[in-house]
Amino acid sequence: MTEVEKVLDAYASSTLSLQDAVTGLHRAYIADIGHTALDMHRAKRVGAPEVIFGLGKSAEQMADIFETLAQRQQDVLATHVSRAQIEAISERVDGVAFNDVARTATLSFCPRPRREKPIAVLTAGTSDNRVAEEAAVTAAFYGNTVLRFSDVGVAGLHRLFACLDELKQARVAIVVAGMEGALPSVVAGLLKMPIIAVPTSVGYGAHFGGLSALLGMINSCAAGVSVVNIDNGFGAAYQASLINTD
Amino acid sequence: MTEVEKVLDAYASSTLSLQDAVTGLHRAYIADIGHTALDMHRAKRVGAPEVIFGLGKSAEQMADIFETLAQRQQDVLATHVSRAQIEAISERVDGVAFNDVARTATLSFCPRPRREKPIAVLTAGTSDNRVAEEAAVTAAFYGNTVLRFSDVGVAGLHRLFACLDELKQARVAIVVAGMEGALPSVVAGLLKMPIIAVPTSVGYGAHFGGLSALLGMINSCAAGVSVVNIDNGFGAAYQASLINTD
Amino acid sequence: MTEVEKVLDAYASSTLSLQDAVTGLHRAYIADIGHTALDMHRAKRVGAPEVIFGLGKSAEQMADIFETLAQRQQDVLATHVSRAQIEAISERVDGVAFNDVARTATLSFCPRPRREKPIAVLTAGTSDNRVAEEAAVTAAFYGNTVLRFSDVGVAGLHRLFACLDELKQARVAIVVAGMEGALPSVVAGLLKMPIIAVPTSVGYGAHFGGLSALLGMINSCAAGVSVVNIDNGFGAAYQASLINTD
Amino acid sequence: MTEVEKVLDAYASSTLSLQDAVTGLHRAYIADIGHTALDMHRAKRVGAPEVIFGLGKSAEQMADIFETLAQRQQDVLATHVSRAQIEAISERVDGVAFNDVARTATLSFCPRPRREKPIAVLTAGTSDNRVAEEAAVTAAFYGNTVLRFSDVGVAGLHRLFACLDELKQARVAIVVAGMEGALPSVVAGLLKMPIIAVPTSVGYGAHFGGLSALLGMINSCAAGVSVVNIDNGFGAAYQASLINTD
Amino acid sequence: MTEVEKVLDAYASSTLSLQDAVTGLHRAYIADIGHTALDMHRAKRVGAPEVIFGLGKSAEQMADIFETLAQRQQDVLATHVSRAQIEAISERVDGVAFNDVARTATLSFCPRPRREKPIAVLTAGTSDNRVAEEAAVTAAFYGNTVLRFSDVGVAGLHRLFACLDELKQARVAIVVAGMEGALPSVVAGLLKMPIIAVPTSVGYGAHFGGLSALLGMINSCAAGVSVVNIDNGFGAAYQASLINTD
Amino acid sequence: MTEVEKVLDAYASSTLSLQDAVTGLHRAYIADIGHTALDMHRAKRVGAPEVIFGLGKSAEQMADIFETLAQRQQDVLATHVSRAQIEAISERVDGVAFNDVARTATLSFCPRPRREKPIAVLTAGTSDNRVAEEAAVTAAFYGNTVLRFSDVGVAGLHRLFACLDELKQARVAIVVAGMEGALPSVVAGLLKMPIIAVPTSVGYGAHFGGLSALLGMINSCAAGVSVVNIDNGFGAAYQASLINTD
Amino acid sequence: MTEVEKVLDAYASSTLSLQDAVTGLHRAYIADIGHTALDMHRAKRVGAPEVIFGLGKSAEQMADIFETLAQRQQDVLATHVSRAQIEAISERVDGVAFNDVARTATLSFCPRPRREKPIAVLTAGTSDNRVAEEAAVTAAFYGNTVLRFSDVGVAGLHRLFACLDELKQARVAIVVAGMEGALPSVVAGLLKMPIIAVPTSVGYGAHFGGLSALLGMINSCAAGVSVVNIDNGFGAAYQASLINTD
Amino acid sequence: MTEVEKVLDAYASSTLSLQDAVTGLHRAYIADIGHTALDMHRAKRVGAPEVIFGLGKSAEQMADIFETLAQRQQDVLATHVSRAQIEAISERVDGVAFNDVARTATLSFCPRPRREKPIAVLTAGTSDNRVAEEAAVTAAFYGNTVLRFSDVGVAGLHRLFACLDELKQARVAIVVAGMEGALPSVVAGLLKMPIIAVPTSVGYGAHFGGLSALLGMINSCAAGVSVVNIDNGFGAAYQASLINTD
């Protein structure tokens, strides 16, 4: 009998009040390991396994989290993973895949069936690749095929035009750009699909850590563009995967 | 023979150089009415008819645009339409539908077939309804059914929970909120679908015309959220419609 | 005869002018150790012992301060204490308690009687714990019992709901959150008590060192929320303790 | 039989599933009048009646809200009320009290018992009085006695010192200031009680609509200060009232 | 004998000290009409006649300035001219040309010889035309031919490509754009000439009065772009004219 | 017997405690007219009569203030005075001098003796004159002679050089400039006296209401410059007058 | 037969469709080395060889780029080159020139003919020299003679005046300044040529990494000034070179 | 014969044109050592010897500067001096005084006569002492006596009141404060002298490197306050010294 079934049983037999039952059911969803409340039913509830944001967590905490999830055979994707965290995880859990460029750690028990259509990931310049890689790892983790187009920024449009036919195969495009962040506007004018724009912190001077690219994308004159946080390759790919469900 | 066919013909018979042919083909796409270059093939190219942004255009210019498009039986949606623009359009073109809350004008010749799934439009508070209305008009213009949920902000979560079952019917949710812009994060934690967040300028003090809501949404701790410009109900619905294609 | 009494005496016997007496009384309140003017009557005057802000002080200065206060048996709490400061203090003063997560140093001579009701300290995510720990150390220093709720952010509301009954025991809640800072709004909608919101610098991209969380909290749509500086766990707990007096 | 009891009954007799019961219970809490979802159990749940934020609502909507609440004999306080809204309300509902300086409208059926201790409301300058008045109306609405101290800013400290004895009677102080927002720091250094700081938009030049005062207060060097939004007299008084419960 | 010659004479004959001579020479350059110091030798010194910035000047002051310059047969261009200023000027000075879209007033005595090559002025959207018009009036005032390309923004690149051959005739291009300000980057990638980018205040939401377009242009990933102030069509054309000297 | 003497007397005869005496003395300094606490001993204490900031005060309040001060024959200078306030004051108090450009109202009973040295007030452009006028009125009110230099901005340095000899007569220079705010740096490099820089809101585009000029002045590469708030002609002149005491 | 000729041939013989021919032509322009798409016809198309922005690229990637271009005898200029990148390049490619102050790497096969007129590069202070050096290296790379004027800022104008005659020889002036960024305004008032202003990050306090200098220059009161990004010496010189073509 | 006399001579004998004479005179003022243009007549012209800003200069450059000035027996004060610069200077020049807290280097040949009145330097907290020390070193370098008051911030006003009598001896007060920057307002309300406010970068969270303190001081409600850049102790003292001339 699962924890959830126990609560329902107790309520039906009136040994639990309504309020206690609701509380009890909620608790069943959470694996509380002190510093972190891991969500055990997330895959069922929101259609995606737990994701861990590495920044600000100690190497110890990260290893605890991976160990707990591995014991319960829960898939997990961790982003913004530091070198110290990778080492701590490696010592305690087997089978974790690390990606140095994307700074991700993934643990997969049941490989998800591939989606029919690919997700396109474009970068304006070589320096944006780190963020694009995070998006690509994330999209693959959720069962998507990824088409990569690197260094196709607006200062040399012929590079973009050379890929247009391939690009049109995708269900949704993730466009990663720093500097003035103009690429998503141009792509949205050329393609008939949702564009998820990812501003990057690539730039200098009045770039303010990516703010200029973010503002550029939010003010895009082309319809069909929505924006995620600076350098948030994961968030873009997560949403792209929710769009690419058919 | 269409303009496009004429160009191709001339090129094949070597009366046009390659460069002139390319230029000629481009020109065929554009109805140039002096102040504005209207895109005649947009519906075919990006899957959506021309959209006109009313702000900063004179009443005369708007009437010119509607007249030109009406003559060619092209559908059009105009947003941020002022009272003066509505009057100028009304005098010269028949059959334009105006929405006072959303400040839109629409002209539809061939009603698009309805999509199977609805788009949900939620607002945090009553004051956000103006923006939500723009989103709803836009979504309907592109052939989507719209589910509206008004005044379900995070300060009283029971209002949101009361709509969860209905909400789950949607393919994608547009979440409109001002103030701290927290609603999209909460919704994204509860639903398994893409969330398009629309910050609004509703607020005061340190709200800075919607900047606080925008930053809140861009920094959302919940995956699955992407963001459009402040008060940009149109942009959110346009993208939602691109997502809702199946 | 205390310094204060000496001044009053001199004034009564007309050996001090009114102005000199006032000046003399003020001086009696201060232990001037060159770089810092320590307030010897603060505990009596504002109901709380001296608090030292470690940032920008040299290790030498911090050790001077602790030594001076220890000699006069005055309680003290220091925050933002660096490793170098801890070492300098340890060498010269016994009985100082250090907390590595909270980065605090405390010296207590007369343990304060416990308050009847607890103060709740919630964090949205594991990465916010450092700030919450500073709040907890501070609250305990002033004689409060602390209830901790970790990792109960808005992206998974069931984690918060599971703690609601316990939360209701508190007299006041300190809610610590980074990212979009939405948790205080949700908590204020659920609980009938003052909420002190602490934005944290946990985030990246357009988070601007906590500014986004701060703006989110300041613009909260829920009544009952007030805000302290980014990462200011101490300030939140100090005020919570002033509220929790009965 | 109330709506709530009906749902519970149906669930007990198994004519409602658990999920439907939860949904049904939530609906019972809300009076949905189309544009706004009024919270009928708020007074019971969070210890305070419904509060309406006037900005961005039409005069019609405000009158609808007051009429609905008046019919159910629910107390209500509306802030940021415009002249047009006042007129619309007046035509349809009797017994509403308007305050022109504070721009509030209040409707009270059961006068709350007075609290034992007063709430102090201080302003730095005459120009801050509008915000202080909103705080005072709010505090009174929730059953508090209010002590007002006007024009006691830091440029002439003797004005503040003249009121110190009276000030010490209060349980909590609301300090309203524009310009550099220094008054709360000074007050917090003198009084042993929680200080709620309200920055105002009074200022010019580099004041940026109150941002400078807000930043000043958030960075206060004195412990015991928390801050609400610019010009948010209501929010300060609401929290002060939650503090002043004994 | 001119004022300048008189000074030199006096100095040579030792009736003026060196310092007085320098001062005297400077004074000869300036027609001081109380509120404004008009520069009488500017055309000779910096190769361009006096330009007057209308904002913040009274109608009286503007008329004084035009009258003084007209009496001395000095050409003048005034920008940001208000309706009231136009009326005041018209009453006192003949032959002034006003442009309502550009909000300029010009007075020309000696028509400058036309330059060999044209200056191109492009706008991203119809709403940017007001600023482009100011640039065009300015360029013409300084003797340049102007090529106008309206509404060729990046959301529909085919419109820009259709004009490329014509564009290549220009010596320098002024690119006027609001929203995300991406057009200059694209143009700079296609053309071999200096690009002067003019951000406009056309936009809404997170556009912040043109700041987003300005930041986009300053961060352009394409070399060859420099930027002037938001809406500063005059400044762009003035510099373009300095470039187009041969 | 004055109020102050009464208090001292009572204290000497032990009918007042020390604390009550201090409070009593403070009260004697203040004329409390309800909304405003007027400072009756300010002229004696800080060497300058009361100054009233008009913004945000009602016409009624301003008239009350002038009436009270006139009755006690206290000099007063009011700044940021609106037309409505001028009318209300005029109806109730005689002898008030109004300056429309500076938007000031002054009431002087005992003309102060002139200082030996003048204060220089420079403006970069004609549009900055409004702020310079406020500075000039203020300086004159406090007994200073004022030298005015208008329209001597850095784009035409010869205008400034023409005034250098006169400028050197001053004890202190107030330099008023909008746009990039460069004039104070240039002046400080040429003169051996304190420079008080006043940024103005004159500008457009990326000027942000004077912020750019303010930042320019704060970052001045020339030593000897300090800065007051945007458009704060009064503040600059007040400080200049404190400097010009000998 | 070149790649381009092959495509044209195939199209003429109908073995390539129009679309495939266009795509094929575009591909011929690009040397795709995985992470970066190098533009092989750039020198022909926009009149300048490839430029590489070093920031964010790995040492490996930079060496790949230089190797590929060296093999094809293409000139290249790299900016923002790190020490690690220099070492990686040096190991694999001969004949690369490095400049430590400017942080540039250049590879030149066909020295460009010198232009007739020089480009002037001025700095306000010694600390701005690093950026000026980048401008000078860039200008020389494109075949321009460079005149350098160092440390001629506005706080000591006589230093600038001493160089005026030499300065007048230039066709265009690049003015590099940090702090308040006032130098370009002063220079533009004295010279009859285009001024390209480069704000630098030299400053502290409220300089915000060069933002203050940037705002100062964008708001310049002198006509003839346009601005590039903070510290962007390359961009300024690139545009200056486009201006200096005759 | 000095350089200046030679030029005058040549001009009088007509071997130099007017323009060449002016240029020649200017050159005589400057010792050009390649990277830096040292001002040899500054002490005479603006009443103060050369000041060197160390940030961004190499150790070599600083040593060059000191050597050149030492050879000509010119006094010099350098600020923001790094450890490496100190070492380079020490190796090549004798008699330079270094201050580690203030980070200054001074070289004095002719000690200036002491001024009659002292300059007061106050800090709000111990952490502000570094900036205050720079101010004190600077003031002493220019011949002023300095009164120091440390740690007298607004959170404990009695500490300030204890020094009031001493403070009143000063001719001008420099008030150094971080956090909310409230101390200058309070001091200006108590003292009859010019107040120069120095915001410091001491703070955290929403302090933004001193911006909050700067804004607080610029918006001071007390007249008589002007402000210099964040952490600019030198600038404050330089101006104070210009004020303290009699």
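Labels for the chains are A, B, C, D, E, F, G and H, by order of writing; each one numbers its residues from 1.
The rule is simple: contacts are C-beta pairs under 8 Å (C-beta built on N, C-alpha and C of every residue); 3 or more make two chains touch, one makes a residue touch a chain.
Fair warning: this is a prediction, and the values are worked out from it, not measured in the lab.
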B-E compared against D-H, more contacting pairs: D-H
Taking each chain's C-alpha mean as its centre, the one farthest from chain G: D
Averaged-CA centre spacing for the pair chain H and chain A, given as whole angstrom: 52
CA centroid of chain A to CA centroid of chain F, Å: 58
Between chain G and chain F, distance of the C-alpha-averaged centres to the nearest whole Å: 49
Chain F, residues touching no fewer than two other chains: 125, 156, 189-190, 205-207, 211, 214, 218-220, 223, 229
In the complex, chain E residues that touch chain A: 124-125, 153-157, 179-182, 185-186, 188-190, 203, 205-208, 211-213, 215-223
Residue ranges of chain B in contact with chain D within the complex: 125-130, 150-152, 156, 158-159, 161-162, 164-165, 202, 204-207
Residues of chain H that touch chain G when the two form their complex: 19, 22-23, 26-27, 29-30, 34-37, 39, 42, 53, 55-57, 61, 80, 199, 201, 209-211, 214, 229-232
In the complex, chain H residues that touch chain F: 45-48, 51, 172, 189-196, 214, 218-220, 223-229, 234-236, 238-239, 242-243, 246
